[in-house]
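Common to both upcoming complexes is chain A, partnered first by chain B, then by chain C.
Here is the complex of A and B:
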């Protein structure tokens, strides 16, 4: 009985210690913090008011409005299994030119693409438009297949090959997508050559807005060229047939997402910056996800994310 | 049970596994809010166009309890928050909230027959969790992640990540671009103008 009591006391101390150690994590996050300093622009890293006490209301709860912002609150950017986060922000040396092209694309959308897509929307029922989208997605198979191969993602390449065969033969040439449903569950591998370069370690570079084609970067511009050659539609002769088919594909795709562009633009304080940031975040996380997929398929014994979060954080 | 070590290990395991008490709570709370929103959107009594304002009022109540708008504002301003006076902070939070409401209300009201699936809870830190969900429409799936923070015993959303794009970060880039050149007063002015344009 006495032994049991002693054990209990020991355990209580242990758990108390554990709780204290856990509390300490956000403050002392070992490797993470060193990286934190890097990400912050140096000018703001030395803050003017370092340790403002927490403002408390009479009832003892924390008054968020008067509470100062502290560095620890950016913890969200350092996820459990990823202590180092590269800067998601994109350099923009071409800003003045980019803004002009951005305006042009914006007008193109509101004056040409949107009205046409609206009209098309009215005459084509949604299932047909989804079918057309599937058809073009199926046609773009070579680009995704090659990207998977170049990333040494053989599972992904096999999935793509299977999808292409099944959807072409049993999906009426690609209009239906039987491969992703039912028991097959072969999902489209969302990848391209730009992501492949990203996985290989090529940096994003700076921001470019191309007329008509929209947001890009030097790395993703390579994709535009590479995917052009891997996309069967590009080989349509003469060129104006190719152009017509591409324009139709674009109108069809737009008809399925009218309103998305407007919502993001409406909500933005500076739409140009909002789209630049959205593009940077989107590409960055896509590539991160591809990298994660590749490493996790290489070593299946990865621990679940949150179990890594707790133990090693105790001592700095 | 003779061996005291077995007893020790058993009790230790019991205590260890009771540590993450809140597992599942953030997911359930955001799921409930989203389902409440969907109920309002699908309510046949609120179908007519004349009931739009009524719908908006009901939605406002839901998202006020769901979102931590001060945390949201603070995170978009980061260190700039400290340069705002308390009065400026209050005004900023209010203006920002109205801008978001104006621009997203119509988008949300247009949803009716979409399905929402909650599938994962990912722990970011002791008091922060990312709840992962997706909206399934007839033509696509849109991943939406809610980042939540525990304050005063309540889990509330401080960031929404739509298709890999974090709203907080998106606004952070925009605000820091403005505040690098201009004062907090100027930023408030920009927000006021944006609101009055609507």
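Here is the complex of A and C:
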């Protein structure tokens, strides 16, 4: 109960911060997409990262309704003519404090999380770790489902519902992911409540680094609150069981990406700036892709039925 | 080549003999075995399924009371080369015994007649092998063991001579082992039909925490086992869409049992 109260206070604080931030720091959204290395510092937000590359349909076409990554690729191809390196600006009025927290998270990663994850890595085979990650990803279904609904992406919501049903029943409770393979090809909808706000036009606000949780913005911090209430693990009692499960989930996720953080850090002159820019571009790109998907869906639905599926130069 | 052909004929003949001998014995029943041939990909792969099985049976000493179970389960299997498969199953099951609490004495009244337990988890391990005779027919065998991880129990309130007493019946450490053989035929549209005999043994400890007389069930802490040890199974495995298959199966022994499962091939 006490832990739950603490969580609620943190969430209320973060949500209040969001409201202030949206008015205080307007962020100009650049045109086009900037290429970015999608390597993020360790963060619980990484739970929703996709598990595997997406497959094409047998005829080589790509299912854009269900394929977030493929959608990104298509978008990049479409904007290839303006594929200039554009920098996504993100205000950082809290830089001194953020740097301290960034340093804290960095030490936490190298001194605690990484050694534990490496030990875990040594004793747990990779397929089992992927299975555990699949299980937690499946559990996080309510957040993705609600986000799709809030974005009026009903196709995405149906895909998520189908994935959850199939993976829970035929994926052994979510440890396996049959929904994304074989003939089903129901890809995970890579979205969250922060992206939903972004799709609605809410600016990301300023850069903020949370202890343990990593890079965020006031807008995306809503994801943390949403995650808490929409994530079944949050309802585990007593609180130390909840903490143990969350810690295990994080160690498991980290064990599958050891080296990513180091690679980005080593390549950067100022890792703090590198992570901030990567985060800003990463989130911008995701929201852009979601908007493109929704626009595409809306256009398709506005087309008269007889104009769809007309073969080149032929009758329907 | 000639020897190979001879071995095939011998296998079919032996199967026919086993089939005939077991069918002539009293028949009875158990759970869902699935088709004799694995549904996994030929190069090797997983298949998973969810299933429901209604299991009715009679146990020695308490054969007057039919034991009924509703079993829901989830199964993971690995098979290869269309000839073998190993599988593990986790599920939950309840148990009911009709009339076991019914009073046989006018001076004793009970709050209910039937034993109805809560849901208990169980696990099964099994394997099957298949030998294709030609493109249409084949024979196979399946072995499967099940253990229930908790005890089935229910309590009844009894009034005897105006004195209220609560009595509990427990069915503890229930397990079973099954062995079946069957012939399988492949029909158009990849529908598989299979049928054959099976052997089945099930055992549990049954205890009653009450010394009250007048209730017609077995003695305290006794070992019970299924009354009939053989039966006949038959089933069909029907392709659905996008890698899913529907498996229907019925088993006939002392009682009739039946169930279905929907499998997905990776």
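Remarks
Here, the second predicted complex is superposed on the first by the 213 of 316 C-alpha atoms of A that agree within 3 Å, B and C clash if a C-alpha of one lies under 4 Å from a C-alpha of the other, contacts with A are read in each partner's own complex, and residues count from 1 in each chain.
Note that in this section a residue touches a chain if its C-beta (ideal position, glycine included) is under 8 Å from a C-beta of that chain, and two chains touch if they have at least 3 such contacts.
Everything numeric here is computed off the predicted structure, so don't read it as measured data.
By the touch criterion defined above, A:172 reaches chain C but does not reach chain B.
Contacts of A:259 after superposition: chain B is touched, whereas chain C is not reached. By the document's definition of touching, neither partner reaches A:103: not chain B, not chain C.
Once the two complexes are laid over each other on the shared chain, residue contacts for A:130 go to chain B alone; chain C is not touched.
When the two structures are aligned on the shared chain, A:190 is found in touch with neither chain B nor chain C.
Legend: residue contacts after superposition of the two complexes on their common chain; A:274 is shown touching chain B, with no touch to chain C.
Touched residues of chain A, counted separately for chain B and chain C, are more numerous for B.
In the superposed model, A:181 makes contact with chain C only, not with chain B. Interface residues of chain B facing chain A in the complex, by the touch rule stated above, are 4, 7-8, 11-12, 15-16, 19, 68, 70-71, 74-75, 77-79, 81-82, 86, 89-90, 93, 99-100, 102-104, 106-107, 110, 122-128, 138-140, 147, 151-152, 159, 163-166, 169-171, 173-175, 177-178, 190-191, 194.
By the touch criterion stated above, chain A contacts chain B in their complex at residues 3-4, 7-8, 10-11, 14-15, 18-19, 22-23, 25-26, 44, 47-49, 52, 61-62, 64-69, 73-76, 79-80, 88-89, 126-127, 129-130, 133, 256-257, 259, 263, 266-270, 273-274, 276-278, 281-282, 285-286, 305-306, 309. Looking at the complex, you find that chain A touches chain C at residues 166, 169-173, 176, 178, 181-184.
Only residues 46, 48-50, 74, 76, 241-243, 262-266 of chain C touch chain A when the two sit together in their complex.
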